[in-house]
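Each of the two complexes below includes chain A, the first together with chain B, the second together with chain C.
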Partner chain A sequence: MADTSKNAFATWLMRNPIWGFIVIIFVFFSVSNEYFFDLQNFRNILVQTSTIGLIALGMTLVMINGNIDLSVGAVVALAASLAVDLQSWGVFATWGNWAILPAVATALAAGIALGALNGFIVWKTGVDAFIVTLGAMIGVRGLVFIYTREESFFASNFAYSDFGSSSVGPLPTLAVLFLVFTVVTHLLLSRTVHGRNTYAVGGNREAAVNAGIRVGPHMMINFMIVGFFAALAGVTLSSQMGAATPNLGRDYELWVITATVLGGTKLTGGAGNIIGTFGGVLAIGILRNGMNLMQVPAFYVLVILGVILIAVLFLDKQLNRRGKQELKI
Partner chain B sequence: MADPRLKSIGDLLARQGILIAFAIFLVGFAVFSDRFLTPENLETVIRQAAIIGVMAIGVTVVVIGGNLDLSVGSMLSFSTVLVVDLHDKIGPELAIVVMLAATLVLGAINGFLVGVARLNSLIVTLGMLSAIQGLTLIYTGGKNVDILDQETTWFAIFGRGHILGIATPILMFLGLALFMHVVMAYTPFGRRVYAVGGNPTAAVFSGIRRSRLVFSTYLISAFTTGLAALILGSRVMGSQNNVGQGYELLVLAGVILGGTSLLGGSGNILKTVIGVLILGFIQNGLLLMGFPYYAQWLVTWVVIILAVWLDIAAKRGRLLSPIA
Partner chain C sequence: MMAPIPALRLEGIVKTFPGVRALDGVSFEVLPGEVHALLGENGAGKSTLMKTLAGMHQPNEGRIFIEENEVVMRTPLEAKAKGVVLIHQELSLAEEMSAAENIYLGELPTKSFGRVDWKTLYAKAGEILKRLNCKFGPQTRVSDLSIANKQMVEIARALTVNAKAVIFDEPTASLTDAEKVVLFDIIRDLKARGVGIVYISHRMEEIFTISDRISVLRDGTYRGTLVTAETSEDEVTQLMIGRSLDLSRNEAQVEFGDVALEVRGLSCGSLYRDITFNVRSGEVVGFYGLVGAGRTEIAETLFGLRTPSAGTILLEGKEVRISSPVDAIANGISLVPESRKEQGLVLGMNCRDNITLPQVDDLTAGPFVSDGAELAIFEQYRDRLEIKTPSWRQAVGNLSGGNQQKIVIGKWLAMRPNVLIVDEPTRGIDVGSKAEIHNLIRELARSGYAVIVISSEMPEVLHVSDRVIAMYSGEIIREFTAAEVTEDNLVQAISGIRADKVA
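After this line comes the complex of A and B, so read on.
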């Protein structure tokens, strides 16, 4: 009996090597740095990772679908710029703090709309999502630069940046936001028809069509979800800084994909889950935070992250090889 | 009976759509700006496109072989920083040799992981993108590098010089394109790359050593990135740590515009050249017409999707995707 449970654990760990990795770096940083094992620092890690984490939640859905979204970084910048700029518009001058509401709503709507556009193009044209969102990544970034005239915006209303540093009970608001959306997305993916369809479409698109799933609209909804999360990340990021710069979110697509893949989501679609993605996000967060505390220059994090990404991929291939059908030459 | 003429027009569009688009852009810009179609301007455009173009030639080979290379951007940063930094320390000749060797080692790592270890190329090269960017920063300690003796060094030839009256970057770009086109279209090696990209299983059963072949495609893309670093380093005579950031996607945009399928097995070096030039002409033409600098990115967005859409629409014989 004990043996089977041990086996089950070993199998689980083999399938989710990221959690083993998290335990290792957690213990390592706790032992080697006096500031790491500290409640305030854990809060910091959650806030720091919330931006990438939020986007990674949406990216997981899109990647399980067998698609990818490279435009999230540009959407972050667009949403941040809209949210900060709109609240200072003359129309809302008499609204006081309420001016933040339409600004944030517009930012989120823009993210959802761009996601819908990406999804619609993928659906109707049949062009690979990689290409569609690569185009959008370049185009939306251009839009941001034209809209902002290459300038940064600053939030004149301090209520906006207060939100970014506020707390709900013991936890920072942004961390709560991230955790709540993690749970919601997890439930969406594991307990709803839409979630089951997500796996079905990514696993075998033809079978999904034959099973009566409307694949096109389904994929479009997932693109809208990732667009929403990217925009939300832009809003939280700009409220943390009290400002928005046109270069915001650059390379985020790479970080987000890294986190998602570290969490075990397959680029080929059909496999992955939110718990894993949460692990991938945490791993990156702990690594960055811990190395930062140990005063390792940020450059080394880049190298270590790249090596870990490849190592996890390699491990996954060794441990869970579908094996036999693959050609050995 | 379908009109045979109509079919042949569709066929022509499918095969040469990119050339037609190229011609339309040229004519369009020429109409709206009288400075556009001058030899000086054309030279400027091709010169500027040369760096992305040289890299795109190597990446096209990788993509035809069925893989991606996202690491070329940070590899460009690395190689440029390395050759510029070593120029003053060990002289230009040795610096170039060391830089090319180091770049090939990075390519070999890519090639090993994708070709031999059979890992997903997108993730491997994404990891390498991050790792190489880190390496570059570690190497420089975050400082920018530059060449002190900019006036007399012969290193200037790559970015600023002329050979036989033609600007060297243009010569390198077009010469390399011609060479790789011959290699890909007329040699057994080229045919094998198409075979492996088109149907890996069939290729292996035909006796092609897939691992070795994929490995060598990554060596090629690393080598072309090294050449691009020569042009860039020599033109600027200095380098920032992140000078190549984002290049991987611009390069890929050129490759895709040229009609190379990301699925592998099809593509053409000369069309990649056209794809890269279209991006260059869009940038230049829009600027000459007085649009803001970043308008080119919006147009690029539309052009990339339109190009690929029309390409696959012509292949499947209907405009819209059959997805429900």
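After this line comes the complex of A and C, so read on.
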């Protein structure tokens, strides 16, 4: 019995090599740096990764579907600008702290709407999601510059920026938010019909159609989910900074995809899970934090992260290719 | 008397994969100018043996000889250079390149500075294509070719070297009858040139048409070689599965239920015209015709994947509109598609989830899918269809073809349809599983389903059907009852010869 559970763990680790990698870097940084193994530092890592992490949750769904969303970074900037700008509008002058509510709601709605638009175009035109969202990435960023007139917005209401640095018990609010959504998305993907259909559509779109799954609307929902998460990330990011700049979220799509792919989600769709994505997000967070504490210059950090991305995926391929040959006669 | 020197000979080949002994001391030889068929059920070791012959696998033990010289072949290219060429079942061509480029892929003739010598390339490729009687030029883009012609390009590849042995793996899987004739001419031509040919196929009739000797593998071991002229299908089958297979004609059932499905004057552009037929519950109606006769397209229309341009579909006497698979499923129509890997299964998904895929919406407890309900359905159909899998967690892509097909059938049975359409029920499935699937179809009809079977294999249609509808070029030519139908009149019908002209 003990043997089978050990085997199950080995299989699990083989499918999610990122968690083995996390243990290694965690031990490495704990041993090599006196500041790393510290509760406050762990809180920092969670807060720092929450932005990328939230978007990665949605990206996992979209990528398992066999699609991709490159417009998330631009949506972050748009949502942040809307959330910060709207709360200072004259109409809400008498609302006090409640003015934050319509501002945040609008920001989130904008994210969902843009996701719906991406999904709708992919569904109806059949153009590849890469192209559609590449267009959206460029176009939405343009909208942000038009809307903000290339200026940064600052939150006049301190309650907004207080939220970004608040805590729930021992944990920072943003970390809690990220963890809660991680659990919710994990349940959505692993336990619900929508999650099951996500794998089916990505695994074999034709078979999914033949099984009576409405593939178009299904994909659109996942684009709306990633849009929501990108907008939410925009809100949390701007509340951390108490401001929004039109350049916010640049390159985020790359970090989000990196984290998701590190977590084992396949670009071709059909495979991946939230536990892996969570691992991918943590791995990037730990690496950046640890190297920062060790005072590795920022540009070297980028070089190392790039190398690690390729190395981990190579390892994953080796492990899973060997797994395949074992089964195939 | 001196025996001829074998073109290719294997001696005591052992090949193991972790946990599996795929080949266990297999010996095999092919003489120059001989067509040697290799038979065995899926998983018997045919593909492993073939890959060993072509340099894709290295044997753990045993020796390979080409014209009695021992050789080691580390890569397919090395095997090819030594004169052993494999023609793949799944075509492996670069679609966007020309036929000539594909034929000489990896060994394009070059001029100085590595520039491609196009003139020589096209001249040499053109010559080979001419030898094969191909009607397209070397500059034709492969994506513009039909499947049969793509296969010709594959074969042309084999002829760029002085091949001593050519291995054909299921070459007729996607060919029409006319294209098959051309292929067999080419094989006979190669044979006349003294090339040794290894021919792998599931189709018994082909093997008896083309081969000189038949070798049989079972469970990775060599079971014997028979001379084709001196053996029978029965003997070969017995050797292969250890028992004989009943492919006798179906005894027509007398009692059928009411008309479950009726189609009146259904047309769809140029694909098919004026299709009228019905299926009663408890009845199997077979659709027979050449590839491209419009059979699959009718099935796709009934399942909501195509929109008809005219005509009506009635279910239990009521007219229905089916504009998507969602409608079809809601109306109790299920389709087991022609190609299970592309259209039927999510290969990376486990067995249980594949079976419950169309009805997973109904298996929820609160917001979540109920594991118990899913498992119950999986176990029910695993037992009923005798699906062999180590556990429900096994990815469907790792199962054998027969078991994969059973998963697809199970998936649709679990939907409790009134009308079950099965397109090519046994394509690419070994003989033993074929019989099981045929019995299953008969049994389903007996339990009250209205079943439509579309097949390109005549023995199959004759065996399972209560009525046979012959199609030619988008039209129904003739309808036969099980008592009327014979191989002869069926062949005439699907070749476009109308009954009135025959009579």
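Throughout what follows, the second predicted complex is superposed on the first by the 314 of 329 C-alpha atoms of A that agree within 3 Å, B and C clash if a C-alpha of one lies under 4 Å from a C-alpha of the other, contacts with A are read in each partner's own complex, and residues count from 1 in each chain.
Quick note on the criterion: a residue touches a chain if its C-beta (ideal position, glycine included) is under 8 Å from a C-beta of that chain, and two chains touch if they have at least 3 such contacts.
Since we're looking at a predicted model, the values are computed, not measured.
Asks: After the chain A overlay, clash or fit between chain B and chain C?
Replies: Here chain B and chain C cannot both sit on chain A without a clash.
Asks: Classify the contacts of A:A105 with the two partner chains as first (chain B alone), second (chain C alone), both, or neither.
Replies: neither
Asks: On chain A, which partner touches more residues: chain B or chain C?
Replies: B
Asks: Is A:V193 contacted by the first partner chain B, the second partner chain C, both or neither?
Replies: second
Asks: Would you check which partner chain A:R214 touches, where first means chain B only, second means chain C only, and both and neither mean what they say?
Replies: Both partners.
Asks: I'd like to know which partner A:G203 touches here: chain B for first, chain C for second, both or neither.
Replies: In the superposition, A:G203 contacts chain C only.
Asks: Between chain B (first) and chain C (second), which, if any, makes contact with A:L315: first, second, both or neither?
Replies: The answer is neither, since A:L315 touches no partner chain.
Asks: Go through the superposed model and pick first if A:A271 touches only chain B, second if only chain C, both, or neither.
Replies: Second partner only.
Asks: Let me test your reading of the model: by the given contact rule, A:M241 touches which partner, first (chain B), second (chain C), both or neither?
Replies: After superposing on A, A:M241 lies clear of both chain B and chain C.
Asks: Which one of 27-35, 63-71, 99-107 or 369-377 is the stretch of chain C that crashes into chain B?
Replies: 99-107
Asks: Identify the overlap between the chain B-contacting and the chain C-contacting residues of chain A.
Replies: 209, 213-214, 326-327, 329
Asks: Please name which positions on chain C make contact with chain A in the complex.
Replies: Spelled out, the residues of chain C in touch with chain A are 17-20, 22, 43, 45, 48, 303, 305, 324-326, 328-329, 335, 337, 342-349, 353, 357-358, 360-361, 364, 367-369, 398, 411.
Asks: Considering only the defined contacts, which chain A positions touch chain C in the complex?
Replies: Of all residues in chain A, those touching chain C are 187, 191-193, 196-197, 199-200, 203-204, 206-214, 270-271, 325-329.
Asks: What residues on chain A touch chain B, complex-wise?
Replies: 70, 121, 123-128, 130-132, 134-143, 145-146, 209, 213-216, 250-251, 254, 257-258, 261, 267, 297-310, 313-314, 317, 326-327, 329
Asks: Can you name the residues of chain B that touch chain A in the complex?
Replies: Spelled out, the residues of chain B in touch with chain A are 113, 117-120, 122-124, 126-135, 137-138, 142, 200-201, 204, 209-211, 245-246, 249-250, 252-253, 256, 262, 292-298, 300-302, 304-305, 308-309, 312-313, 316, 320-324.
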